[in-house]
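Working notes, beginning with the structure itself.
Labels A, B, C and D are assigned to the chains in the order they are written; within every chain, residues are numbered from 1.
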């Protein structure tokens, strides 16, 4: 099978590197074009990028020349790993010239006609892209995946939605890789907790409602629950841990809730997407799990791990959820989105 | 002035060492007797204890001989830093023989006639010790301080009580020193979060209500609010950080809440207790504070630092509180209790 | 092909768990028997072991019942992951009853008739086992792999031996996993360096000479060079980093030394042992490598990574070497030894 | 007594903040002028500096306005905490206009007529400043303190110089604060070792010889020994730990060496400099000390702690030395230099 050529915008940064790592040996996609900022352009990738993954830089990509971020030379399918400010400007330029922009950036996530997608949760939302002017005119579009802290929360909440979620409290303990490279100075985080991540609480709250909302007459009606997030940075390399408490409209037992994770009506079941984990949400019965060091790689980093379901004296139930912030929460999320778009015919 | 001789039960452990460190140069108290388990007895303290404080072992104490835990040789005033199971057995034995046992152990905290005290918050609760049979018979008694995670929370809540606390949600990120020595294996916590600390959530919830309760007819009527705690261990050396959310019966503005911390009707104001911080609760206006590495030593480790007061979509207001878990949350707490007992005449 | 059944002594500890992790899906060996201390015996493995690997516990092994450490029920091939004191007693008992004991313990490493082996370096030393009385009487024997800090050093030195090593200085920065579980208390190592690991310096110095020694008339003549080690513990999870300086008898250029790593006359080249890395020693030309977080998994954790070759003002050349301490330095080392024994006919 | 007004160049950076912290309540000096880069000028200090010390920002300094780095408005005595490139340009400008520039920068350390001083070790080298043209013309001069990694090594070596040092090997494990703020990205150092610090090895080697050299006919004759350094970054907040090995011209016993630390012919003994520690070098007899978390604050962070003296198979003796890199290794070093200059009349 001929693989589909893909381009990566922002290829030298931390998420860009994760894209390149995860796409090595991908059965459908092949990195064919990499772009980065002006100062990297024309350099071999191995020279332009300070490679920070814990596997070797793929030999083929290492030798590729970094392009300028010019849509004319790029393949149709683009993965974007750009800072929001740059994405704001570049992504529409690519979409307007017919590219399928699958982006991890926050720039367009909350825009009405842009799908914000976790395939297992709301894969049907991709239909929204038909509303985009870019699509109508030249076939291009933008599809986004959520913030790295929203994705674990929403994956844990989605299976519980049948009990009618009314209120959600979440406190996060987020890994430093979520801030990219160089990101968090070690001076700030070694042996420390920083109880603030700029704009993170707002993103979590807004994105969770859009993700759990429903597609009605080509629009997303956001889910109707109250949500409050408190975001903290902790000295962990990868993996966002979240203490969650939920109030439901329907009574549920711990057993029913735990079973709901296993029975999750996963919207991509049966599609055999290469990056989809066998089990999107795994419930661990051990008293002290999930833990980032032990559990982030479950399902190739694509499974959200949940544990400690127990009654809450203020809302109804509380639990802990963990997800890999740069795989399930960034590059892996975008790749899974692209796989869904492929099988749904949006890459033809 | 002749200093009051004090004994330390459990002197070789982590909290015992903190007692010895904090009592060096104390203006009122002087370590005169140190006791530990059988295997340490008769050894010089420097040999019995694996000293783990970041200041030098006080030379005078280093040479003292460790005693067996026998009340007959002990001074009246005893600071106890024992495991709960041992405290359960030893502390009554000391109280029954006329000793004032000021303990950090959890064994008797929730017992009806035992004061559980943070002097600034509920110093009046010490009157409860008059209900103790030990006191009636031989003059001895037990006074406790709260769990290291409850103390920061309650110090932040106490000034807000005037707005009628109805619901409290708290997620903790606790330092490893809270587990003593050897305590948490590095294998478990380096670059990790452990979302479980045995019995901690139950202690926080129960102790907070007793601490904020009121003394009525020689009994504590626990405060009447719902509280739910989620406790996590993080790779921090000292300092418990807590993300808190509160619902109030009376409307309040952020400004009123923040002013309440400064105006806290501190129950020991004016007593000039040596270990009391000038300001029990400090509100930091910076966007990203408090942080353990930067803020735990405020007020000699006795001040609780609060920050990030902002509206909560689920309850009313949310904020972060930080306190030093082995000073304000353990040895310093007990010493302050003893100072209060002294000025109130209970050590005469 | 029918796999060879293997037993694991000390299966519940940190190295025991690594054995089970690495043997899952091994093409030649299959875990058939697991033994641990009395208190674990008769429990299902999943219950007896507090599983601390970052991959899931293999389902088949999870259900196996832990046996007592009795040779009678054990398969011929035994991997041992025991504390030295217990190994001292148990390993001879297994060897004496005809078992092939492939051990990670230090108990017998320096014994004259016991091979201490890194296959690529001194695979021929296995012939020594023919000198063991156990082998002569009942066919059993003991084969050892080196200490986790010695193995990286020796893998880097072996290719340089052609330049006649005269003096070696090495300072280690060792990961906490080298001390097993619970091992190093977090109190001791978070944000800290501990400049002492009991007996480690002595082991490194003695083992390096035996490993680089030569087999002459059924005896090992230890290599003739001076060696001095300084061992430190650092807050790293996996991977021992070592700053090495060497004096050679023959003049060499940096280029010659670096080429020597690639040209290493690997004693198992061509044998296709499943656990052998394609490249035993990898030289990284980057200025700031090797680093544990980025490089320990090279070659499945079996490759030693070297970097920073530069002149030394006191000896001749200095460089940094890194190896995975619980794979190349423990369980993986033993498995590779067993693979070599298999192809050499010692498991028939 | 009227305090001497001092200015701080580079006041907002990490070392600048340490100067301000250490000078609060200094008996002789008082911060009177603070300067930083253009973008900070005219701001109140509290706003210009992102305060990262673990004590509160001194209230008086918080309100001071940051000046441009213009010598005309500055007091005579200047502490400089500048990047080398900026120091290269600014420091001569201040010296040329009559200022006493006491700097932590590396820019002029190795210049022939610039004293590189650790007062206890080579306080007499300050006489060198009389050779400076600036001094001759307008009274100004530059005095430097060594690199943070050189200072601990040299403090440990100086007492041993009587045994005629011939060869020195040192491997460092350096704290992240040595790189300033933001300095080392957490992505690079959490759970990691980086075996490279730009130019550090060269600085250590060159500075050690100048520091231990002797002043002859207004010139420094560098000490005559071979020295080789290997520098590593480790995830430690403060405190550089160094594994050292030394060859001596005169035979010495462990006892003699250890006694030499206590008997160190400290060149400022008796001068009662406020920042001078009672004991410049402390030898710890414990098997596993010194350790950064426990020992860096000895002598107010000005004492170098040594331990583990034992024979070396390659050179003669090996030991571990630890010093506080931003107090003894930076701001405290410069302040002590200024104190020496004061009592020697160079500030009159």
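The rule is short, and it goes like this: a residue touches a chain if its C-beta (ideal position, glycine included) is under 8 Å from a C-beta of that chain, and two chains touch if they have at least 3 such contacts.
Note that this is a predicted model, so its numbers are computed, not measured.
Listed candidates were B-C, B-D or A-D; the one reproducing the A-C interface, defined as more than half of contact pairs identical by residue number, is B-D.
In this assembly, A is the chain whose CA centroid lies farthest from the centroid of chain D. Here the spacing of chain B and chain C, counted between their Cα centres, is 47 Å.
Each chain gets a centre from the mean of its Cα atoms; for chain C and chain D, those two points are 42 Å apart.
Residue positions of chain D touching 2 or more other chains, listed in rising order: 52, 188, 190-191, 235-237, 293-294.
Interface residues of chain B facing chain C in the complex, by the touch rule stated above, are 14, 52, 176-177, 181-191, 235-237. Residues 52-56, 190-191, 237, 293-298 of chain B are the ones touching chain D in the complex.
Chain contact summary for the complex, chain A toward chain B: residues 167-169, 171, 173, 188, 190-196, 205, 226-228, 230, 232, 234-237, 239, 241, 243, 245, 287-294, 307-308, 312-315, 318, 320.
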